[in-house]
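Written below as structure tokens is the structure these notes are about.
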């Protein structure tokens, strides 16, 4: 997933980086095809060049040698709300048919079965980043028809398209999973199957999704991680396997 | 620290111990637990381990926040038990929830002494439905609706920093989060520093000053006061402890034993550090000095 | 400078050359005059001598400002002639006037890409009557009326700074005014620096970076580019010239001769400095270096 | 006037300093009875200790050795609007019966006879400083019954008291002139004669004011500048006589 996510980034883009897989993906991209990727962390580090894999988005390694450190009021007002962020990564406990994400509660808000961490910066990233990429493992409970709570808005919320709702960014254009890639359908805003990992069938993906999954006329094939990508990920970027489970 | 907390932190106060991952003043949180403060409204973007400990210790009546997790590790289990209604203590915990941008905007409004702050946000989300204090305002020029959050003006804000002079003129570098706004928004400000320096050191680099002494109620010198958080240029984040917190906080008894041993059983931060002599060696920062700049004319 | 101005400053643009007393880029203003730009909307808090010169040179159609004087000396006479309808050129100059706080708030709104900014101000003054763009909004929490100003989003903002790297990552110290907000509010940004430095210098002290390269359109290296304004740590303000401007600007012919000799007759800032060999010796800054801080972990 | 203004400042107060006489007054106070006066300049210098008399409020001498330098958004939002400024100095071409100040135009706004610099930070200082001190030389044209344009609000504007108008600060409590001191009357908000310089009569002051000047029951006497004050002003603070005309 990290390798696949990395390929979605173009050189020179400004990326709002979350911790974990997104961070791995961004650093993999920097080490391969996108050396001029600009990494911005919501903690205020701009143009970070972490000398070690950051455990948190506030890791001191993100500060040392970065291009700029600014307060969080500047991060959200001058960078994000200003429209300077080209790509934002999002993940969550639940992702629904229209790419709405829930990181707040499972069950009702007042009496949650499971209390999740909440939005953090996800809500505003989903609103303002020029485009967002969702990274999540397939599983019908994680991909319900509708999320229990909309923390981060997708392509359609309560039946209304994000443009009508006045959101500047394009929202989630792709969902990168462990079996294939879903893309937002330009007209319906629905997440549809677009690409499959080697040896995976469309039915395998459908089994991990809680709604009848539409498919592109042409399904493309996701190339497996190259030897270089694997070496960088396992030996250089995450030698301790902090984020690369399996 | 004992005097500062007893003088400036009262039962029922809205207390802010800010710092985004960096410079979180655990020493102050522990002292508040030791002094048995109650009914506090705890506010910060990321409750982090410090508020999880204060919730477990029974200091908190309400939590105002935007992301309640253990970064890169997992959950804040004392917080979860309280919110999921599973805490033995029961009673539960009142919560008021925003996004990071919303919390930053609340502090910005408080610091500017404006009643609200406008932001373009929350369309399509369920957050305004869950929190009626997230509202909207019509732009007097374009007519468009913008989201608003109300000002947050804490009773006391506690800021940890690398250095300050005796008057409280405070300098910090590395991640500065929302501390400046939180301090200016607050009625009282406690500054806790790694090093007390001469006024001349502050005056030699005035652009580094983040908080002026005129808004500071007390200055406390507390080396290692941010551990297990960190202080850029002084010591690294204790990621091992953050990982360990997952299992400690998962079990209420273990958590209670942790508080007994590392908070109640020690008189102060020096005592806390004395119990863990290996910490300093493991976490002490390497040297990576910037060069000075010329302020002459 | 020639290329940057010809590429990024067009007739009819809203142009901001910011800097509050400190770091005012006269070199850019002079190049704009040399290239004969017309119908510009010139915006900054204090028009200062640079906009007085650009007004005299016929570059300006409109002025947006908050204090139009020669600090500690007297008037900006070209500005006054235009506004008092006494300029030979006639035509006059359209003005849009705020207070300093109002102008700062306009840049803050522009930088945050909000259509307006709220402030508690202007009650009892005649400013809202003189400028209908100063309006008010009702707080969604308290109901109280607050003043508002509209966002200012310039076509191009020109910022002078002590140093930047080739990518435009810019550091400044001493008075920083409203440059950060003006730059983020602008469509295009030209950074003019005393020194071009290696990226490593910027990265050695990231908290000093005020403007990130990602928002910069062009970087121009122009030592002494701020004279008669100043650059902390590089050269002092030329107060003698500010005093002299009173009599130069009072007489349109003298002012025209000044522009001929020091702007039109020189190709660039190097030529401007070559005409005044004594300046460097008289104004060069003494050394008063700050110490570095540790960014290690 | 500088010496008289200096005596109005108490040690430890936070003063928003303007250039010229106010700056002289503040530095005289620091050199005599108020060593801990905190000088803030709208340019962003906090706790300045100017090594030379600043010609402008953006003088580099205000930065070198100051306690803090911040951006102007912070000056106006975090210090002034936040209510941290205890004393603000104001001056102007016209000061009226209620302490309203005009620094914008003589004549009409659209077709001014004389175009003045405008507000600068004066409007917000007049609104937010806990109290303001006006410094101006007496002259009937400078002290009209009503100013041509209200740039900085006084005790009453268009018939309404400043409290009704929602201004946080107490406004102009005193007008320090070259012949005496006027004070705001607590009830009427009118500037009334309160103190006289040595050898000056109430009529002398009245001749410099364009409205029938009320007087306190008891007029106090302003002590002349002491030898120390004069020495500091003339030899140390303004040796070139930049601002001490006469």
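As written, the chain order gives the labels A, B, C and D, with residue 1 at the start of each chain.
One rule holds for everything that comes next: a residue touches a chain if its C-beta (ideal position, glycine included) is under 8 Å from a C-beta of that chain, and two chains touch if they have at least 3 such contacts.
Note that the structure is predicted; figures quoted are calculated from it, not measured.
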*Return the chain pair with more inter-chain C-beta contacts, choosing between C-D and B-D.*
C-D
*Taking each chain's centre as its mean C-alpha position, how far apart are chain A and chain B in Å?*
28
*Interchain centroid distance [CA atoms averaged], chain A/chain D, Å*: 57
*asked:* Using Cα averages as centroids, what's the distance between chain B and chain D in whole Å?
replied: 40
*asked:* Touching at least two other chains at once: which residues of chain B meet that condition?
replied: 113-114, 119-120, 144, 173-174, 176, 180, 204, 207, 230, 232, 236-237, 285, 288, 295-297
*Contacts with 2+ other chains: residues of chain A*: 45, 60, 63-64, 69-70, 77, 81
_According to the definition already given, which pairs of chains are in contact?_
A-B, A-C, B-C, B-D, C-D
*Inside the complex, what are the residues of chain C that reach chain B?*
113-116, 118-120, 133, 135-142, 144, 146, 148, 150, 162, 173-174, 176, 201, 204-205, 207-208, 230, 232-237, 285-297
*chain A to chain B touching residues, read off their complex*: 19-20, 42-45, 55-60, 63-64, 69-73, 76-77, 80-81, 100, 104, 109, 111-124, 127-128, 149-154, 157-158, 160, 162, 165-168, 242
_Touch list for chain C against partner chain D, complex_ = 20-22, 45-46, 65-69, 71-72, 75, 79-80, 83-85, 97-101, 104-105, 107-108, 119-127, 130, 144-145, 173-178, 180-181, 230, 232, 236-237, 239, 242, 285, 288
*chain B-touching residues of chain D, taken from the complex the two chains share*: 14, 38, 45-47, 49, 60-61, 63-70, 74, 77-78, 81-84
*Going by the contact rule at the top, pick out the chain C residues touching chain A in the complex.*
111-114, 169, 180, 184, 199, 202-204, 206-207, 209, 212-215, 295-297
